[in-house]
């Protein structure tokens, strides 16, 4: 931590900062500059409270040198985290995972039909909401536990792994009984009670970036999960809030590169929520893979025009099939490949 | 709802949209324009799913005419919601409420000292975190139920009403046993499980705007609470995310005017989290009152430089005292006044 | 244009809106809805001033149905604009153009060396700043007309086409004497005097998106140029302002798909300014091509660590060479190809 | 400047950074930390190019300690800049200036009528656009030099000072012949050719914040003007771009406090462009003064419903009159007052 003094700071003010740092139990090291003095705080164990320093006389600002997260950082662990699922799908390695399915589970017929179709097209993880967070209290909230049972049934029939969202701590444990991956959605990225529960539920966690969360905050949210003992966390970029309404969100593909620099955790991209319009989903899925994403999470519905939620951004199955072909070529163009289809 | 057709839309495409609307059970009314045709959907009961329409041939875009919220809107209820607390404080009327206190409850000595001081300065509601959401899992999370007991003790001693935050559904009911107002924080504005629980806990709810939430989304979050039967909701502007780091958040004072136009609910402003720096808190508290806010929520700590959280943005008690004097003059300049101090 | 009335609007208020519309010379068509009445304004010739309507009694809001731009829209012209340069490079067709070069022209040696290298690697357009907009008045502003002469010299030697930025109306005509493409930078996207001059300078124009410009505003800025008679406009996405500082800007790759939907103009992507860090440039260049961009504009410097500006985001020549190979494979994966190298 | 090394940086990598700094002619000072080493660069004269350092092996990031601006900073000059106009109005002192007038000058009748009215209500500076930047090439661009002559005529008749916008370098000198203050608009805050011309035109300059400009960038734009020798610069907050469309822009009132901390220049607020809706202008004008702004710039039109531009955000004269009364009370509540009306 660096305490930058004002141009006009007196020697007494500088000495005051040094004394305060030492009283806090750390070492202080003044660094004279051409324009101003800065005082380094040495020995920061992550618990320094800048509040004691920021308002001392002569202080201009506090600069943080260390990152606030630890276990998720690539400095902590150089090798990428690789997550294996029961059906053989491996996430975070050389191969790229395809997660697909409808926004919401609507009926047994719907979920079995789309799961069967998606499996033959190469997806190995089935997504589908049983508990769906909705901005309005009057919108369809999902089938609840019945939806979880239908997802489990689809796994039995197809062999696909299941990822579905939990909305609160009790829900995290319930979802973990049925699904292979527990999803924490963008609206709940800062819901620390849920993050802690997800970290104790015994399943890999898919953590979506909040709609105005920095990458640092995303990594700190993941740190909550790792800190409970669950190291199998998959991050997911799904677009951030923007000033332009041409897309539902602004999909931040650069986040893929940033996460790979800073963390050992895998990161996938959701171009469906990230754009909100079917026509934009396909180019952005391609862009995600070209940028190095470890997978995509995409909405596909047998009849998007009849979907109970998010139909406008859901692909038709035949669109998904063409997309998979393009993604395979792009993956190979950068030295990767898609996860092998299920048998 | 208005379905805008492309410039090049054919009569058949327009007829297709009309037929779909009628098949959905609504009335369709084509509106020819100089540049393009639009088709009005008449009879929208709030359940129309645009997904069936947006991808039909010839459709350019869908425009929503109705607001998605109801019970919170000023069209639903013209008169302002006025909320009375047990200690006589009235929120949402002509008089402006002062809510103040430390970020976190730290000890009996701390909370009793500051509560006594704030009472004499004119605050009638005491704020203080027992459960504090923290971006990092390694930061001080609050004293929990012990903090709630200390707040209750401060109420006994001073007569101030208590507002404190709940982080999850169980927490909402627990907080409601101790506090006069249950706070839902900015990080949880989209936590629908928590909103529903808060709406059933039997106490007025202070709902903070999420850090990238639109006013429409804030009102929809409030609608979740009203929809559970709790009509005593106080909205709170606390700053939104921005590209400039000169302040911790960008305090959107205009939200006060917007909420008063659209809704009958009262709105207060939190300049402490809204700016993040003590020197900015005072001018922005004044600005909030001048803009018409129904109150302020401000952090005051007996010794900010020793606070366990948010010390940099906490006022010294004597700063708060001067601020109250200025706020009273500003309130009177616009035909209002401050809530009378407790006896 | 649609004038939405309040729920509580009286028949007299609705009649008042109708009368005002008719007094303005347009046709009014009331559309009764379940919740409220809306009044359509028919015959909008693009000159309606909503100010006469928005404050009439009973009016809730005004909704615009038509787009504000014309000549740039795909509705105006269905076929893509294809722009040919003197050296045979074609922009906006099936093939993807590579524009590359240093941020600033620094010396004859520098620009000839890098131009020769880039040509052999497949770039056909050379970028290089002679007039460089700098946030600080104390930073290197470019070599000015000497820089233009060095660029012209590089064209003579290598056959590459030249794109370089103009900063004001006089500059636009001067740049047009030397360059094949006149660039209008992001900081000047709203500089209408410059846009008008660029539209009269007789050269194709490369128009960069402003750092907080919507796609609609970008298209309107292009409309200024087309309206002066210059139809050869190339749009360029280069990142928008964001709340996260992990990258210099937030590169909005989705803009590529949006522009292709709304406009017939070609769009390229600048991943160098769009990310600001060398390590992010390569994945984002790949993402841009995968998303369907018509080209990339990328900074390459023979010695980035010694560049006078933007060294941190400039690629080494050998990095660019590897990138071109990947881009060619990605282009072919989506049915396109790179522009053929110069002989 | 501080070069932060990676956790894993080797002694050789640290030595490499030290050697590079010394080769650049500065002093290097390694600062060992508990988690990582940082290397201070001492003697920074504002010309250090971080590009030579940021990509060296082992470097994690570069942190800037000094501010990039000088002449505008409060460290450079402690006393506030106070600007006197020919009609006796003083800007930047204890008294608050009221600048008001129509968006565009439309006719002699219009401008003389409104100027006469505003003078009697207490405004001492008349605003009015002769050259109006418009997002669309088809919108009313202003009367040009005829508008300047009408403004000069209004000054003769009323004694009010004139502020009006220039759009390009030639325009800056032309406007300076007619007006008391040359305005550089938000769209041109990064138009460095214009800033330089404005700095040489011999008149005080009103510089509006760009729609996504940080305060640092605003101060650097002002630095361009001071660097040309013109020290009489008035900054103006007018709202920044946001994700919410309830207001035209997000008015950042906190910028007033931030500018007063960092700079000696006066800052005023434009609530008309800052909100875009008449009903929001009044509360936000009050908020600006309560926060400590040195003045307001507000649109008033004799007949807003017939204005050629920005009618929806223009006040009626009688609204302005009531506002002035409120502003005077608020100014006095914080120990200031309004500039005395003209005789």
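So that you can tell them apart, the chains are marked A, B, C and D in the order they are listed, and the count of residues begins at 1 in each.
FYI, a contact is a pair of C-beta atoms (placed from the backbone, for glycine too) under 8 Å apart; a residue touches a chain by one contact, two chains touch by 3 or more.
Every value quoted in this text rests on a predicted model; they were computed, and no experiment measured them.
Compared with subunit C, the chain whose C-alpha mean position is the greatest distance off is B.
The interface of A-B is repeated, with over half of its contact pairs matching by residue number, by C-D among C-D, B-D or B-C. For the pair subunit A and subunit D, the distance between mean C-alpha positions equals 38 Å.
Annotation: 31 Å between the Cα-based centres of subunit A and subunit C.
Between subunit C and subunit D, the centres computed from C-alpha atoms are 26 Å apart. Residue positions of subunit D with contacts to 2 or more other chains are 212, 240-243, 245.
Residues 212, 214-216, 240, 242-247, 250-258, 261, 274-275, 279-280, 283-284, 286-292, 326, 329-330, 332-334 of subunit B are the ones touching subunit D in the complex.
Remark: subunit B residues 2, 4, 6-8, 29, 31-36, 38, 40, 42-45, 63, 65-66, 75, 241-243, 245 touch subunit C in the complex.
Residue ranges of subunit A in contact with subunit B, taken from their complex: 46-47, 49-52, 54-56, 68-69, 133-138, 167-169, 171, 187-188, 190-194, 211-212, 217, 220, 223-224, 227, 240-241, 278, 304-308, 310-312, 314.
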